[in-house]
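What follows is a single structure, written as structure tokens, with notes after it.
As written, the chain order gives the labels A, B, C, D, E and F, with residue 1 at the start of each chain.
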Amino acid sequence: MGKLTHFNSEGRARMVDVSGKESTERVAVAGGRVRMQPDTLKLIQAGKMKKGDVLAVAQVAGIMGAKKTSDLIPMCHPLFLTSIDITFIEYPEPGNDGLASIGVEARVKTTGQTGVEMEALTAVTTTLLTIYDMCKAVDKGMIFEEICLLSKTGGKSGEFKRA
Amino acid sequence: MGKLTHFNSEGRARMVDVSGKESTERVAVAGGRVRMQPDTLKLIQAGKMKKGDVLAVAQVAGIMGAKKTSDLIPMCHPLFLTSIDITFIEYPEPGNDGLASIGVEARVKTTGQTGVEMEALTAVTTTLLTIYDMCKAVDKGMIFEEICLLSKTGGKSGEFKRA
Amino acid sequence: MGKLTHFNSEGRARMVDVSGKESTERVAVAGGRVRMQPDTLKLIQAGKMKKGDVLAVAQVAGIMGAKKTSDLIPMCHPLFLTSIDITFIEYPEPGNDGLASIGVEARVKTTGQTGVEMEALTAVTTTLLTIYDMCKAVDKGMIFEEICLLSKTGGKSGEFKRA
Amino acid sequence: MGKLTHFNSEGRARMVDVSGKESTERVAVAGGRVRMQPDTLKLIQAGKMKKGDVLAVAQVAGIMGAKKTSDLIPMCHPLFLTSIDITFIEYPEPGNDGLASIGVEARVKTTGQTGVEMEALTAVTTTLLTIYDMCKAVDKGMIFEEICLLSKTGGKSGEFKRA
Amino acid sequence: MGKLTHFNSEGRARMVDVSGKESTERVAVAGGRVRMQPDTLKLIQAGKMKKGDVLAVAQVAGIMGAKKTSDLIPMCHPLFLTSIDITFIEYPEPGNDGLASIGVEARVKTTGQTGVEMEALTAVTTTLLTIYDMCKAVDKGMIFEEICLLSKTGGKSGEFKRA
Amino acid sequence: MGKLTHFNSEGRARMVDVSGKESTERVAVAGGRVRMQPDTLKLIQAGKMKKGDVLAVAQVAGIMGAKKTSDLIPMCHPLFLTSIDITFIEYPEPGNDGLASIGVEARVKTTGQTGVEMEALTAVTTTLLTIYDMCKAVDKGMIFEEICLLSKTGGKSGEFKRA
């Protein structure tokens, strides 16, 4: 295994030097899921029929959250993001635990010297937090699962694709 | 079940009116977990022996993240937070899937008209994102699980305790 | 007429001292309007039928913008906002200049020592800017008009109601 | 007419992909106006004689506001701005409605893959909001008018010049 | 001597719990100084005669900086500030080292459960940084000295007055 | 001596136009020092032995502060920073005034059209402010000294090295 790159020679954290890295197009896709009472999902789906749309608010929050990544994560480099897209999949059928769920996927692009894995993951967590916030009056037990990087391309470390 | 309170009479989102709610002491505790290769956890633990400390950076990020909650989550009220505390539990023993993990717990307090569930959850996700960022050079497959509200006290909706 | 209160004895700007003011409930309502090609309004209205909804995005932006007021306006006090609500009226009939328009109204509440006029006005301008941004690919000539305070209540300076 | 580009295939909002666009020098100029009691303008002008200067504060706010554009407007790309300049014209002669006014013009430049129309417009609205804030103790009836893009150059969509 | 209060029982940092503290009026005054070539001070003073005013910009920055304190300093509580005032004293006479200087003083007030020492100090450093930024084209050797808390009142720890 | 470049032809402040400047690698190093009671330094050093580490928190704050520079300093350009590193030197031996001290040095890099002097200085002041905040319960008399640019390379104005 490698060694952690965020520590300087004194052993304290630093923002790693990327000035020698090539500027290339980089894409990262991250995903996650929020599990909830089936009735909560029904309320969200019903809202979508009207102008009220929990997922529309959550998606705006996710896009804005991705842009705040370097402000939130101490060692992240500020980046010019060229594209952010967030999509949802609804799973109304209750699983073994009786819960329905919504899957979130965020795809972020940049042309730069570092990747956008953190921006994609931050988009996902901010989207999920907003869904929780907008539904917590009816379902405080919602739970986030399987938040992870799904794939990345570009950059020296090459491609990553989750098995 | 109740109805979603973040929509106005046109069906669009609004920040709900809390001006009629009492100002009381409110506490929320949220938790989450990041699963990782056992070697990644060993690197984190070794770093802790020196001045370099992934969890120290993640914890600072989590505290600062909690203070940004109303900036991240569209319908959240800005709040005066009176206390934020974040703790970790390390699980070096691999589970059935061969992964070790670190559990994160955030406890947030306010005296005000709305609760701090979102602040506690945002502290947890920001802490987890920072752990991922600082270790992603060696382990891109890390995954966040079980992010949820563990308990809350104070306010009209009363106590919540996760089963 | 009175004198400007944002200058100190040296003649430079300062954040005026409100520590002697009473904490009361304060409400401010501001309005504004964006004029556009009738076809642009039709595209916005058509979008609303599907999940895509320019006004939903603009409204989220307006609410988040109101929360950033003290960060944008140098002499504004940071405030705990207890309620923000934004509504729209569509005017599809072209006026004398051949333009349709959308009216925006923002209503903001606080319990505190200063009013929320600036928060209501900032909600309106941010909402209008977002409508412009989302439609500028088809109509760069859109124009904002009649952005003003409509009413305020609470506080020492008493009620204001636009004639 | 074209089609709105901020919606993805699901019909929800996204930050449009500019990664295929060329990096060129882009300039945008936006304008606006605040109408006020002639006595309010006199107070502002008198203040300018001393160190206190409403327009100096408003101009700093406008420049800082332009830098916050991608944080305020959900679908805006973060950008490296290379120049921001804000100028004023004072109209002390009352119009038909008895009001004097101040005109604001903001000129913003970047070298990048997207234009700076939103940055120029945000500079204008933030400047106007600050003028309002600093004078609202004496004139709550001030009103913003004619906020619009005056011109832009650079980029695929080419030149725009308001008639 | 006491013990550091920003660490939790694990020895990691936390935001200390102030929920048991009384809400009282608190004032803090901080000061600092920037030393510079006498000609730099002359340029600043000359600028003040015209509309251009380095100190006016620096003072706006200092006030806005004070409002960002809890965003900059990890363990600081967010606060409602009721007053911020920044004043300058110019020392054109060169000292033994041949340098002139400008002294900065920031006075901040709140009614709340924690003091505003950090807000006053952050106002001073932001003001000084802005003076440096606006003059660095002519004098990169400017140096900040004597940044410290001058006095505080209110709160359990009582009065502090620098000797 | 030159002339101040942050003022436009009206004499008001502007963000200077750097669009004609070459994009080159630029490095800036800034330093500063906080003087304190020798016992305060001993508490900090003792904390470092455990997980609690004042300097670790201060260093994270300094890195995050550097990324906020263009948000804090009105006329600063937003920049893509490629590297930030902060180091400390402890001086436990009391000087003539009986005070010990900690020296802070920040080194910041970019590839761009403007330098990073302000980012390095902002990293230093934010680091020092955080040390003060974390120790102020035991030593309110701490004082910051000698905050200055130590060196810069790259850009048209060439090298600077403090004598």
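Convention: a residue touches a chain if its C-beta (ideal position, glycine included) is under 8 Å from a C-beta of that chain, and two chains touch if they have at least 3 such contacts.
A quick note: this is a predicted structure, and the numbers were derived from the prediction, not measured.
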Compute the centre of every chain as the mean of its C-alpha atoms, then state which one is farthest from the centre of chain B.
D
If you take the mean of the Cα atoms for each chain, which one ends up farthest from chain E?
A
Inter-chain centre distance, chain B versus chain E - centres from mean C-alpha coordinates, in Å:
32
Measure off the straight-line distance from the CA centroid of chain B to the CA centroid of chain D, and report it in whole Å.
37
Numbers and ranges of chain A residues touching at least 2 other chains
10, 12-13, 51, 55-57, 60-61, 64, 68, 71, 74-75, 78-80
Kindly provide every pair of chains that touch.
A-B, A-C, A-D, A-F, B-C, B-E, B-F, C-D, C-E, D-E, D-F, E-F
Chain E touches which residues of chain B in the complex?
25, 55-56, 59-60, 63-64, 67-68, 78-88, 109-111
If you look only at chain E, which of its residues touch chain B in the complex?
8, 10, 12-19, 70-71, 74-75, 77-80, 112-113
Under the definition above, what is the set of chain F residues touching chain B in their complex?
48, 51, 53, 55-57, 60-61, 64
List of chain D residues in touch with chain C within their complex:
1-7, 10-13, 32, 37, 39-40, 43, 47, 50-52, 54, 57, 60-61, 64-65, 68, 71-76, 117-118, 121-122, 125-126, 128-130, 132-149, 152, 157, 160, 162
